[in-house]
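Pasting the structures here.
The two complexes that follow have chain A in common; it is paired with chain B in the first and with chain C in the second.
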Partner chain A sequence: MTIFRLAFCLLAFWVIDSNCQSEMVNIKGGSYIPLYGRDSLKVSISDFKMDIYPVTNQEFQEFVKKNPKWKRSQVKRIFADANYLQNWESDTELNENQQLNAPITNVSWFAAKAYCECQGKRLPTLDEWEYVAMADKKSIDARRNKNYNEFILGWYEKPKTFNNEIGSTFKNYWNIYDLHGLVWEWTLDFNSVLISGESRKDVDTDNNLFCGSAAIGSSDLMNYAAFMRYAIRGSLKAKYAMKNLGFRCAKNINENE
Partner chain B sequence: MKMSKKITIIILLIITSFTISCKKDEQNKETLVIENNISDESIFNLTSKWKTEENETIELKDLKGKTLVMVMIYTTCKAACPRLVADMRNIESKLPKNKLSELQFILVSIDPKNDTPTRLKSFAKENLMDDEHWTFLQGTESDVREFANVLAVKYKQISPLDFSHSNIISVFNSGGELVHQQEGLGVDNKETIETIKKLISK
Partner chain C sequence: MINSKLSTLYLSLIICLLLSSCKNNNTNETNNYKDPAKIVLAGTMEAELTAPPKVPAPVGDRPAKKLLVNMEILEEQGTMTDGVEYVYWTFGGTVPGSFIRTRVGDEVEFTLSNHPDNKLPHNIDLHAVTGPGGGATSSFVAPGHEKKFNFKTINPGLYVYHCATAPVGMHIANGMYGLILVEPEGGLPPVDKEYYIMQGDFYTKGENGDPGLQPFDMKKAIDEDADYVVFNGSVGALTGENAITANVGETVRLFVGNGGPNLTSSFHVIGEIFDNVHIEGGSVINKDVQTTTIPAGGAAIVDFKVDVPGTFILVDHAIFRAFNKGALGMLKVSGEENKRIYSGVVQEGIYNPEGGTIQTMPDDNSTIKVNKSKGEKSLAEKMKSGKQIYAKTCFACHQAEGQGIANAFPPLANSDYLNADVKRAIDIVLNGKTGEITVNGKKYNSVMTKQTLTDEEVADVMTYIYNSWGNNKTNVKVSTVMEVKSMH
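Let's turn to the complex of A and B:
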């Protein structure tokens, strides 16, 4: 009887676990020089875990059902703008064109943060995200690889990739999918990107072109894709919900284990 | 040729994302505050806990009822913050003395590791900002990041003792709703002062 109960518990635990916790892999820390801005300092990354896939529509739907305050009709405006879950059919239903297995988008930073915290996780830092995203299929740092850069720039030209299923891009060195090719992703400290140094008031009125031209003027075109990500991050506010912006979670190693 | 096409598309993409997202007018919108009730836009929806320079623990909603003037700084800062602090004092000096009790000037540290309540208290004294209507806040790193995101303040640690950050002074009504933001250093603060005067004379 006890054994039966134990087996049942284990089974229940496994089912719950596999349902609500998307799979993660370990990322071995290291150091690298990010491709952005004037402060090209070496950044050190500790070991951590990262979700293999971006969070999906289905996973977020479950979250919203369990946490009504993140329903479209109930979310506080300070935490999400009017685009939040804009294309859903209702508070808890996707529209007919949205796939369960496509990445969730139209979520604010606050919502993404709350989702991860709810799973006992957190959003990856910008440096962590970039560290994992510089890998291609075979190497940790593919930033000088022509194919890698062309893949990313090619994606920027493709419309509506947010409708594609997770896992439909490539598996990288760390066994992680979809960092490039589906959606942009929130990071914990996205607001550490300062488009123009100390004050946003001290530049050309045309911020957009400022970033674009900085990137074009760069001697190194491999930086181009990264400049794009930083430019987007620099233009975001935490309550914005955008059609091509999703997220995935990360976790410190040795926490709750 | 191919590259220039790509670049055009990408720039267009960015511009689109700006136009979709730029809703600055919203910040100037004034909404009525219902007693004992906070609106969806209120910063009092944040549940984070903060230490003051007096080592008291507060939540933002404890500041309800007063017009709030907020800025994010760090005390070891040599460049922009002294000027930001000066801007705050400048604003304060132009407001009627007998109305100061209806106001709270709040300086939130973006360097919670170094800016302990003790450190904040001595900074307050050094800068003659130790009166009742000045409050300094220390939070956790995560809560500071969240709060900065509410104010749309950007910051980045660039060395153990230095941060680069945007210079924004924000004004909130007594219900915790953002009413006005002044961006930049040493800018004309006439509009900020007018906004505050309107709020306190209500």
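Let's turn to the complex of A and C:
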């Protein structure tokens, strides 16, 4: 009887838990000055919802099973390069080292976008993502906080974090996990801030970028933690798939409410 | 369109005129100036890439070719010095990155691959490239991808390449630099040995020697406050078993670069004079040079003939970098002594200027004045005096905490060799030591000169050493020092 009850509890817990993975939270809009401010202005963010966790291997596996055109063998090359799901055992099976609960990586922007749309969601915009990601545990904007920056920088030196479970990093002010410390994430307009990869040229020619960062009067520490994120986005094309790049979904708040 | 073509024509005409006028002024220039861009390629070959300190085979008289260079970027953990780990970002898995050897007129097809496990995008700026960004714009590559671009080698010389992705300083500080050599037609004059050495400065969260995996410290990098200044990526990359070698009579050529990111190198080989230095890696040759300046992002080609055997120490002669931060390498030369060039010690004596602070060394036969009738000092007095003597005499090699320098100078802290035999230790201070010894499981093969200290000073400094850093707390008596001295 006790065992039965325990099993039931566990089951209930598991169901709740697995629901949590695709659960969203409300993000209260506001304004912030991004690292690369367009015309050095504040950017306004409307209220929206965001996934608490990145999309997992398991969730994406189910999506692929239901949508065969996103299978590795069937996907159109213009929508996903040869790295797409490259480490999977087969079209629908993970390899033995991959955890069900680890974030899905090696997916292209097209695939990520299709996944979110399939859930009635969308990818977060770059500004939305940055807005939520500038929070630490306690504050909305922790970008000047030493520990916050050191955590991000520390991640750059930690190998193979893509295979860690979701929820293994800190829960931020918005109750959202894993924006830093697990994987990079696609955003809807990932390449809207153009970085050529030749950072010296970026400084020289794109006055918006330059003035934007200068206007913040930001510390160098803050700049370089975030610079790397913009650099990786700048290196991407929508068909690229990468081992350290996953995604999560977002949603407008008044739709389907 | 036509207009722009015309202006290009006009421009090249002016350049031609400028060039030819330059040439006329320079009477030494006897080579026919060939436009390197017009050199015809004779086939395709894959470039040989080497990890430091090795360099690929010389180009010799091979014709210009299409040269395929495949380079892989790896972010990986490595050892900075014993007990200290660091995450290096590398071209080809080493710091500095693989050496690329080309000749004027080669067309290099460069493929840059970014390993899928890497977290960051990278690119490459080769100073040998004539073109925007030195290739950086064309080579910006995400992890798990590769980029290909072509360039023609136009100017001969030794050039630095490095990553130029934001933040550039950090990518360089983590080890993303290397050298590409463009040899003139017919190659550089042949020599017996060639090696590849590159200096770099590193900035870690902990101080020099703090153990564990040390993250990069941006603040220190901006302040140019380096914790490590090293040759070939780590302390000891060129010492002990990793030393470069040559035989007496051979000519050694060093391709020396400086990745920076911040510090200019004062490159010097202790006990050698550079016969030829290609200043800044270019075409001007300076002769008979003691120390050559290598700017961050620059290089030099030096060569010299080794005439006598021994260990020659390569340093950044901004000398604290060498003895305290790691900028130390070794060239071991074996062969016959040549007393006409270097005699070794011929005679030794005591120099005793009046009124100086140098201590008088007692005669062997006379009675020794021991501390003016006071007898033996207390331990506290000895420690105080010993500490000062240590700072003056021993510190440079054995370091502040007795930790020594890996592969060069053995540690005094927690030293099994030291603690095993007090009299042997006294004897080494009094008479010096040459040859291989094993300390705490590591072999050292260096020279310690005999120290000009009084018996009392020897007792004080030895007592200080034995009562510091986990040693066995022996209180070394002046009488013991005298006893050891009398054994000879």
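Note that in this section the second predicted complex is superposed on the first by the 209 of 257 C-alpha atoms of A that agree within 3 Å, B and C clash if a C-alpha of one lies under 4 Å from a C-alpha of the other, contacts with A are read in each partner's own complex, and residues count from 1 in each chain.
Simple rule for what comes next: contacts are C-beta pairs under 8 Å (C-beta built on N, C-alpha and C of every residue); 3 or more make two chains touch, one makes a residue touch a chain.
Values in this document were obtained by computation on a predicted structure and should not be read as measured data.
A.B. asks: In the superposed model, does chain B or chain C contact more residues of chain A?
C.D. replies: Touching more residues of chain A than the other partner does is B.
A.B. asks: Quick check on the superposed pair: does A:M24 touch chain B, chain C, both, or neither? Answer first, second, both or neither.
C.D. replies: neither
A.B. asks: For A:M228 in the superposed arrangement: first (chain B), second (chain C), both or neither?
C.D. replies: Both partners.
A.B. asks: When the two structures are overlaid on chain A, which partner does A:C116 contact: first (chain B), second (chain C), both, or neither?
C.D. replies: neither
A.B. asks: After lining up the shared chain so the two structures overlap, which partner does A:I78 touch, if you call chain B first and chain C second: first, second, both or neither?
C.D. replies: first
A.B. asks: Regarding the shared-chain residue A:A102, is it in contact with chain B (first), chain C (second), both, or neither?
C.D. replies: Touch partners of A:A102: none, neither chain B nor chain C.
A.B. asks: Just checking: does A:L94 make contact with chain B only, chain C only, both, or neither of them? Give me first, second, both or neither.
C.D. replies: Neither partner.
A.B. asks: Where does A:K160 make contact in the superposed view: on chain B (first), on chain C (second), on both, or on neither?
C.D. replies: In the superposition, A:K160 touches chain C alone.
A.B. asks: Jot down the residues of chain A that show up as touching in both complexes, chain B in one and chain C in the other.
C.D. replies: 81, 83, 153, 156-157, 197-202, 221, 228, 231-232, 234-236, 240, 242
A.B. asks: Under the definition above, what is the set of chain B residues touching chain A in their complex?
C.D. replies: Residues 3, 6-7, 9-11, 13-15, 17-18, 20-21, 23, 39-43, 45, 79-80, 145-146, 148-150, 152-158, 164-167, 183-185, 187 of chain B touch chain A in their complex.
A.B. asks: Under the touch definition given earlier, write down the residues of chain A that touch chain C in their complex.
C.D. replies: Against chain C, the touching part of chain A is residues 81, 83, 153-157, 159-160, 184, 195-202, 220-221, 223-224, 227-228, 230-232, 234-236, 240-244.
A.B. asks: Please output the residues of chain C touching chain A within their complex, sorted ascending.
C.D. replies: 75, 77, 87, 116-121, 123, 125, 132-133, 136-137, 139-145, 164-168, 170, 213, 215-216, 218-219, 222
A.B. asks: What does chain A use to touch chain B in their complex?
C.D. replies: Residue positions touching the partner: 39, 41, 76-79, 81, 83, 109-110, 113, 153, 156-157, 188-189, 191-194, 197-202, 207-209, 211-212, 216, 221, 228, 231-232, 234-240, 242.
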